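Here is the structure we will look at.
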């Protein structure tokens, strides 16, 4: 029995292993981004619907930073996306971040020096590598967390950080703020939330302003353009994976001026080729470019010849890290996605982004 | 029969609609020996199973020392009655003395395990059967004959006064057939063990037993000394072969 | 009657260290207990954060045995030793003992050397239960147990209950029927598991880790709940060594040796399944322990369950706690991988060395 079960998993393990080995050299760690739709194992797992979330379905994130109701004037009270309220006596000085997005955000908030723990697949910014890792894709290394003794833990919701680990840290007495953005607006709300929690609300507001600026820039640029049927490919092995309806990626594709092609059910991430062919995407965006899939591979796939995007050679690689990671670079990700869908749109290309599937290794300025 | 070690009275058995045993009556005195013979499907093994109490007859009764076998606790019965199967399959590596020691299970303490008397009984049984030299050998490495002797030693260690055997010489070479049969005879004569053996081989049966029980189609056709039971008529009727063939080989 | 059996030369296997170990199962048990104690100390002293061994001993002495001791260690060291490592090592030991004992019992009961605690569907039942538990969007927590633990426990018990009920109705020879039914029910449950995983979303990773087995989530409340279950089942199995001995030559012979085969089979199956279910509920599926430890012990002490069962328990406990220690030192490796990597070559070596072939 165990053998059968193991066999059922062989594919998944191989899948993540292959991706690990085939990752581009530009990316510091060949691991998937931490958007709610991708697990850090490298297995493409588009987000599930709210009904499949084991925690309380995420309510609109509420920020309850108060001065009047709190016990002391300096205390901070915030409610995470899992509905759990965290009260901090003062701005935390020892923060453990358990998602790549919150690690980026801490540095962006200017609070990178307060990070005392991260995951071993946090790959941005480069300074993050100075912070000791306290979690692997297997889970949180609890002894290390205890040894560090954080005064705030930032965790990913929807089982990005396992519920068991979250429960354990709370049981040990550490305040755990759970973040789970279901769409781009949710990312902005989470940035505010973390800003509140670490006492950097003003900086968070600035970050959000600049993200909002990018969102506005993109929506203005694509407003008058057609909305091509767009398939965002999350993975192609062993099956074809795409965004689920109403998922984070589907929302982004819409914002970027595309008409997203999704799976049939919020809980299902694999999309049958028949469905893809009948939906006939006009643009295919390769989120899995970072893991070795290139347009030339897609053009060579059996049964894909009649798809409009293939016929018109409209298969475009993007940097999955910025597109699907619900962090401070989400505006850049959206711009990258919009440019993938509408190459001629009036949008400033994101800077400092690795280029995939190009003969020349240098990045475009 | 008064004081019978084993008595079978008016026994009837069926498997579903098929009658297997009908109207079986016989008794054995303590220390007596008998061979149960008959063609395939005559009901020999079924009769043996009824005697062990593991198969419940439709009607009739089996008595062990005067007690209906159905009323005897299995653990008590195991100290009185031992069964030797024709073949023993051993699933795990096991030494000969460990196999023989299994015969002490009905006697040993449930929690504390074998005591000194149990260990002595195992030694004695191995000596009795003459397999002292096999000590330490893995049962699965033994020849079939040696293995059967080890199983017999296990039954001897059980110190049961009644010994039932289901074709104990099947697949054995001639020498081991004789060794086993002589041992049974010896157990019956010297230790007063009541021996009832299902035998396929008529020649062996008439050579080593004074009493034969001939079973055919679930009925006891004949019960008595070999000359009487193995009459030409019986052999022709029961086995359907020329009696000269059988009797020549047998003698 | 004279002996007519040719004398066989004494095999060289029957001399030396192993043979003297075989003759002294009590000494072997004593060695096993010392090893278990050493394992406990090692398991608590080492981890992926270093706590000085003097502090470790002082913390345990001070907090568990009320030794008068000045507190010179940081609070974090105390939490690591008492809240993380100690329950984890003890859980690993309890599960190792339970799986080894259950494996020995299943092997004896089914007279099949390939049997392990998962052979009658416990693994698939528990895995399906756990997977469903992960998908149900309700958080229930009772005594440190979530829905996942409870459903894994229930799934394991239910799978074996179904196998038992169905195989009893069959007309095949009983053991074959039980094994085939176990296989069929297990396959059905595995299909259910695959389906559950297909719709599992982000929970797939959690299901995956459950299937690999881990003690990372061990805690005092969980240990306190599972330990009595394991203890009850273990006492039942240990007290029925005689029945398992009687079953060594098959159920017919067992009946002839005075055993109520049907009752003993039910009791032993129930006890082995109870401890297996309690184990998989707290640790997920950890393979190999329940298969290999009974065989290793059997190679040393022979098939007598009066020695085999207690020694399997003792060495199983140490083995799994050591495997878990090896698993967590480099990070969190799945402990089942370690049990296989450590156990399989050793097992193969012993099989070759002692030609312990099996009639199958």
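Per-chain residue numbering starts at 1, and chain names A, B and C are given in the order in which the chains are listed.
The definition used in the following text is that a contact is a pair of C-beta atoms (placed from the backbone, for glycine too) under 8 Å apart; a residue touches a chain by one contact, two chains touch by 3 or more.
Worth saying up front: this structure is predicted, and the values here are computed from it rather than measured.
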Per Cα centroids, the chain farthest from subunit B: A
Chain nearest the global centroid, as defined over all protein CA atoms shown: C
Interchain centroid distance [CA atoms averaged], subunit A/subunit B, Å: 77
Whole-Å separation of chain centres (CA-atom averages), subunit A against subunit C: 40
Partner subunit A, residues of subunit C touching it in the complex: 47-49, 75-76, 79-80, 83-85, 118-119, 121, 123-124, 127, 134-139, 141, 146, 186-187, 189-190, 193-194, 197-206, 208-209, 211, 214, 216-217, 219, 285, 287, 331-334
Complex contact set, residues of subunit B against subunit C: 52, 54, 73-79, 81-83, 85, 88-95, 98-99, 101-103, 105-106, 108, 110-111, 113, 128-134, 136-137, 140, 146, 149, 158, 175, 179, 182-183, 186
Touch list for subunit C against partner subunit B, complex: 1-8, 10-11, 14, 107, 111-113, 239, 241-242, 245-246, 248-250, 252-253, 255-260, 298-299, 302-304, 306, 356-359
Residues of subunit A defined as touching subunit C within the complex: 1-2, 4-6, 8-9, 12, 36, 39, 41, 43, 45-48, 51-55, 57, 136-139, 141-144, 146-149, 158-160, 162-164, 167-168, 171-172, 265, 267-270
